[in-house]
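In the two complexes below, chain A is the common chain; its partner is chain B in one and chain C in the other.
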Partner chain A sequence: MQLLQLVINGLAMGAIYALVALGLLQIFNAVRIVNFGQGQLLMVGAFLGLSTIVQAGLPMWLAYPVTLAAMAVIGVVFMLVAYYPVRGKPYYVLILTTIAMGIVLENLALIIWGPLPQAVPSPFGSAQWQFGGVTVSLHVLFVFAVTAVMLLGQWWFFNRTTYGRMMQATAQDMEMARLVGVRVRYTIAGAFALAAVFAGAGGLLVAPMFLAEPSMGGSLGLKAYVVSVIGGFGSLQGAVIAGLLLGVVETLAAGYISSTYRDAYAFIIMITMLFVMPRGLFGEKISERV
Partner chain B sequence: MAMNLRTVDQEGSACLRLRVFCLKAGRLSKIRRPHQSGRGVRVDNLGQTMKKIVGIGIAAGVLVAPMHLWAQGVANCPNPIPLALTVPLTSGIALLGVQARNGVEDAIDQINAAGGIGGKKLKLSVEDATASATTALNSLNRLMGGDPVVVFSSMISPHIFTQAEVVKRDGVPFMFTGTNAQLAHLGIPWFFRMHVHDGQLADLVPRYVVETMKMKKPAIIAVSDDYGLGASKEMQKTFESLGVKLVALESYGASDKDMSAQLTNIKKAGADVILVWGRPGDVTLVLKQRKQLGIDIPVVGNSSVVSTPALNNLTAEEADGALAIGGMIPQVSQDPVAQDFVKRVTDKYRVPPDNFAVAYRDATYMVKAAIEKVGCDRKAVRDELAKTKDFKGLLITYKADSYGDLAHTLGVYRNKGKSPQLVETIKERGF
Partner chain C sequence: MNGSPVVATVSPRERSPVQQSRWRLFALALGAIAVVVLPHFLGDSYVLQLVNFGLIGLIVVVGLNYITGYCGQINFAQAAFYGIGAYTTAVLMLKGLSFWLAMPLAAMATGLCSVVLGVPTLRLRAFYLAMATIGFSEIVQLVLIHWEPVTGGTSGLRGIPGVSLFGFALQGQLQHYYFLLAWAAFGLWLAVRVRSTQLGRSMLALRDTEIAAEVAGVNTTRIKSIALALSAIYAGIAGALYVTYIGYVSPDGFSTGQSIQYYTMLIIGGTGSAVGAVVGTITLTALPELLRFLREWYLVLYGLGVIAIIAVLPGGLVGLPRRLRRRSAPTTAPAHVSTATVEASPAASASSASAAEATRTGEMILSIKGVTQRFGGLIALDDVNIDVREGTVHAVIGPNGAGKTCFLNVLTGAYIPQAGSVKLLDRELLGLRPFQITHLGLSRNFQNIRIYPSLSVLENVMVGQACRSSINTLQSFLGTPASRREERAIKLAAREALVFVGLSEHADRPAESLAYAQRRLLEIARAIATQPRVLLLDEPAAGMNVQESTELMALIRAIRARGTTIVLVEHNMRLVMGVSDRISVLDFGKKLAEGSKDEIRQNPAVIEAYLGQTVTKDSRA
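What follows is the complex of A and B.
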């Protein structure tokens, strides 16, 4: 029974990792940069949830879309500040600006919402199911459902919509995309807006479980990066499967080996993966260009 | 004679202007001499006048003497009097540093509003130490450039370890709340700790659990940093000395959100009490997840268990019955001064004060008392702080021991629903 409980808790944690990783991949698949500020965007989403639901007292059916719309705007601002001025610069410059934006967001949150950890209510309250000594919260099931919907939605968007294909084209070759009529600037802005919406959704889902606090995004963002590497950078299904896998492995290792090194397990797996399968679980084969 | 008269006249009028100075400078004999000689009416008249003057001077001197000594103490102080604070104001542990800053700032605002010290205002320079020990060291170096009379530093022990050499080199009274028991043994005479430390907690908490609560199968879950692991290691030793074996020893990372694996292990080990040691945010999650996993055994923790952030985010059911042993919190005090402090700080900073805010507030008033007495010479302030005995703080009385530890009283609190209640206070043995 202990094993089953640990697996369920691990899957819940893994679903959250996957959710953040999906946001990370949204930007990666559009502009080929890793946004190390993705975790902090999630944190902003959590605090906006706090402001709309708790402080403004909006009903959840209204607070959720308001938060996500605000996140879309923040995503565009993020692009204008952190990406647009340094586009075309070396890769490391782009990465550094996203790290810097993460720090800025964290400190802004500290100024606006203060350092206190604060709870954001779940649409399901604290309802939970118990069967045979195993406890599952309804909110965790909601997280699974949202992660699944987002995975399918993102797959559909990238593979079945014109706008999604334009984003992929932009990621593959920006100049060529521009030549064939893709409005690159708007496409990139859309990618950042969508990534921020993903992060916002993650924040709304994570805050009822783990409280909203300014520093909550740092470790989640890093885990999302680990998940993306393990799953194969760019692969949506890889991110979700790797996320769930990492959550379960971490929880089982904490339960049966030692909880002190919980964070270390994630990075050990990532490093091992880079040695054994550098492309990750679902990484695309890179064909040599002739 | 003429010379005498002139001398008397000159000396007398000089003393009228600077009565206190005359008394201090020992010129009384010069003034008296002509009168005692009894030469001539003019001299006698002058002698009578001088008698009055001297009488008034002595009376005023007696009345003014304490004020004079006080004024002399503060006289060597610059205006404004520089103080410095370096605590984490950003990063994951910002909440702790914010509490410290609020405590010092509020006390300084109150002191300055009441006229400062001898008419001189206190001025606080603040540097963010973040969570990094290196940044804490750099921030202290920057602050020392402002020549502060006293430095208030962090509650993060690694910060204090790295700052120790600068404190030793520059010789500045250094007030902090880092709880690592070893800090007191670095042999730095400038160190003053305002908060109970791990050594005291490690001795008193297991004793309370075993002797008062009669528990036999304790489990510990602590944050895996210097604070949590230091405390759990020390508590483990005391449990062993009491003949009680821990059934589970678990830890979690400072940024971990899911402690269910550790709690499931504790449940499986058959513990009859959980000792939880961490920061308010993660202790909240431990209490929440413990309830979700259906673990219904008593919980004893540090002050985080009764902190406002924890109680704001827990349901009454999740918080109820949990015990906290540690620094004193102001919320439960009936004292109007403490209640006023809670209200004022909460209104001003939107963060309800905790045990750290109280400790830093008391530290500031202790520094004020020392400066009033001996002025702004750092060595004199240090010596004065080292003599602290029965200094009445907001909630407890402070006494300096030979290591510079000033706090020796712990509070035992129990949550009744979401309201903490003081069960009792425990004093460190020997205090």
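What follows is the complex of A and C.
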């Protein structure tokens, strides 16, 4: 029974990892950069939840859309500050601007909301279901549902909509996309807005489970990168499956082996993966053009 | 841009190289005196301590410059390497080892870690090293905190003895300052020096364009591994200096966040030259102290400042003076000289002699059998058989999308086909990496030009000599007499190649200042410098005007006259018909026909598929 409970807790954790990773891939699949500020965007989402739900006292059905709309705007600002002015620079320089933007967001949050962890309620309160000895909170089921919807939505978006295909085209060859009439700037802005909305949703969902605090983004963001590598960078289903797997493995290993090194398991798995199966579970589609 | 009538104008404001080097020498001397004398006035103060930490940090960042600045690879574990060096030294010295024994062991330990980490990931795309180093760094941090019996946990290790030099124990901030200064200066000197060795040029070349570095014969994985190891060794030595300087060590300061801080120092200061590391380290060490009054806003502005510097100063802070100077000078793009000079090159004169010989039938040198390359459902090459005879110019022509460039990519190891065999004399080439194929005697240019913009014209060609080098990395790094001799030989051979293609007068210019047609010639010179038995030319005449392509024709004949076999992929029929001894025609991945010029001209299938179109196009031109 304890095993089953641990697996369920692990899946809940894993769904969160997957959710953050999906936001990461949204940007990666549109502009081929890894956004090292994705975790901090999630943190902002959590705090916007705090402001709308707790501080402004808005009802949930209003607070959620308001937060997500604000996140879309923040996503575009993120892109205008940290990506657009430096586009076309070598990747080893670009990577630093998203990190710097993460630092900016984290310290702005520290100034605005303070350093203390704060509770944000779930739309489902603390409702729980009991099956035998196993407890599942309604909120966790909500997290699963949102992750599933986002996975399907993102897949549909990239493969079935013109706008999504335009993003993929932009990722593969920006100049060529521009030549065939893609409005590259808007497409990229859209990708960042969507990624920020994903991150915001993640923040709204994570905050009721772990409290909102300015430093929460760093470790969650890191796990999202790990999950993306294990899943095969760029692959949506890979990220979700790797996320769930990692959540379960981490929780079980912490429960049965040692909780001291809880955070190390993810990195050990990732490095092992890089050694034996560098392209990840679901491979990587892109190769260098000659 | 190409063919534009812009004439060379060397701006009068630019200082001549001699003047520049004199200025640099003066500045260097002034700096050296300041560095030696100034600390005397600081005494045993807080500032001097800060300076000492800055010197240690400088060693870490100058080390990082090898893998990140020179090679363009992302290393987010530099602080972890630093930590491993610090803890290894601490543990060994607490066991009674002397610094002079513990420090090399610590450097070896970090170097070893980097090899284990780098070998599997450096083969992959750049992003994977970033991830692997983050993972490694997080694991190291956890181990430092939790492996209490050895590391002392969060409280760390205390009572680490100091350094003694020839029996004298170092005492006081000032003595430590000179000790640390010596190390930093030595580390910096090596890092500056390596820039003008084959090792350093290979690093910059692979940073600029990895595939072109491979094709010039550089084993890019090996060079990257060496660079990562050098980075780690620097960090390891810095760690040893750190623990003996302050006498204790704890897990703080070795986190991923700290690695990112070092990374930021380097990028902000400027990559590509070790001086950037100095500027970046000084700036980001002093800045938090100077901007203390900003308090909680400091990190917000810091983040925005980093982005601003990256956006505005591509070369980092170190490029700021040059940028200001350029702004005040007229902004005409640096010199696009006409290529008319090529006419006078020996290539042109050598050509007339060889042009007379009509058909050649040498020994078979390159044999392609049954090569099939698929991309998903698309068949790019379908059971292609082509034999190339030594000393001939063998053209491969065909309409767009016929698989010509794909064919070259298979020959040079960029693609590995599903079936077939490619033999250079008796050696099978399939499955080898591009640099190995280059070493065996196959070289190429690229249809979309790939020169190394950060190197000079001469250095570009010198990279091509990599595969003729018999000097090992350590010799090259330390600058032994043998390596200096070889350096001279490489330079001579590279100059010869430049003379041959007619670019010799541009040898010392930055490669990115060359005009379009000149870049093509530079690529050919680089390929020739690898001394290939077979030279593959991928649309060398693309974008050239009639005169330029006529000169190219002479050049190709001259290369053949040297005994080099040429495989020519080209659309320009005038060029193909002018120089080819034999022609293969590809269409939709299949070989449609093969034969002499006349046979191809009269082949009805070819005329229908291809030549018919081109003849009209050609008559228009």
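Simple rule for what comes next: the second predicted complex is superposed on the first by the 283 of 290 C-alpha atoms of A that agree within 3 Å, B and C clash if a C-alpha of one lies under 4 Å from a C-alpha of the other, contacts with A are read in each partner's own complex, and residues count from 1 in each chain.
In the analysis below, a residue touches a chain if its C-beta (ideal position, glycine included) is under 8 Å from a C-beta of that chain, and two chains touch if they have at least 3 such contacts.
Predicted model only: the values in this text are computed from it and were never measured.
**Q** After superposition on the shared chain, which partner residues are touched by A:Thr260: those of chain B (first), chain C (second), both, or neither?
**A** A:Thr260 contacts both chain B and chain C.
**Q** Now for A:Phe233: first (chain B), second (chain C), both, or neither, which partner does it touch?
**A** Second partner only, chain C.
**Q** Does chain B (first) or chain C (second) touch A:Leu274, or do both, or does neither?
**A** The second partner, chain C, only.
**Q** With the two complexes superposed on chain A, say which partner A:Asn107 touches: chain B (first), chain C (second), both, or neither.
**A** So A:Asn107 meets both chain B and chain C here.
**Q** Per the contact definition in the header, classify A:Gln168: touching chain B only (first), chain C only (second), both, or neither.
**A** A:Gln168 sits against neither chain B nor chain C.
**Q** For A:Tyr92, select first, second, both or neither according to whether it touches chain B, chain C, the two together, or no partner.
**A** Touch status of A:Tyr92: second partner only.
**Q** Chain A residues touched by both chain B and chain C?
**A** Correct list for chain A: 106-107, 110, 260, 263.
**Q** Under the stated contact criterion, what part of chain B meets chain A in this complex?
**A** The contact residues of chain B facing chain A are 90-92, 94-95, 98, 224, 250-253, 255-258, 260-262, 264-265, 268, 280-281, 284-285, 292-294, 308-309, 312-313, 315, 350-351.
**Q** Can you name the residues of chain A that touch chain C in the complex?
**A** 34, 81-82, 85-86, 89-93, 95-97, 99-104, 106-108, 110-111, 222, 225-226, 229, 233, 260-261, 263-264, 266-268, 270-271, 274-275, 278, 288, 290
**Q** Quick one: in the complex, what on chain C touches chain A?
**A** So the residues of chain C in touch with chain A come to 68, 72-74, 117, 120-121, 123-128, 130-132, 134-136, 138-139, 142-143, 146, 207, 210-211, 260, 263-264, 267, 271, 296-297, 299-300, 302-304, 306-307, 310-311, 314, 405, 409, 414-415, 446.
**Q** In their shared complex, at which residues does chain A touch chain B?
**A** 2, 5-6, 9, 12-13, 106-107, 110, 114-119, 126, 128, 130, 133, 135, 137, 206, 209-211, 213-216, 218-219, 251-252, 254-255, 259-260, 262-263
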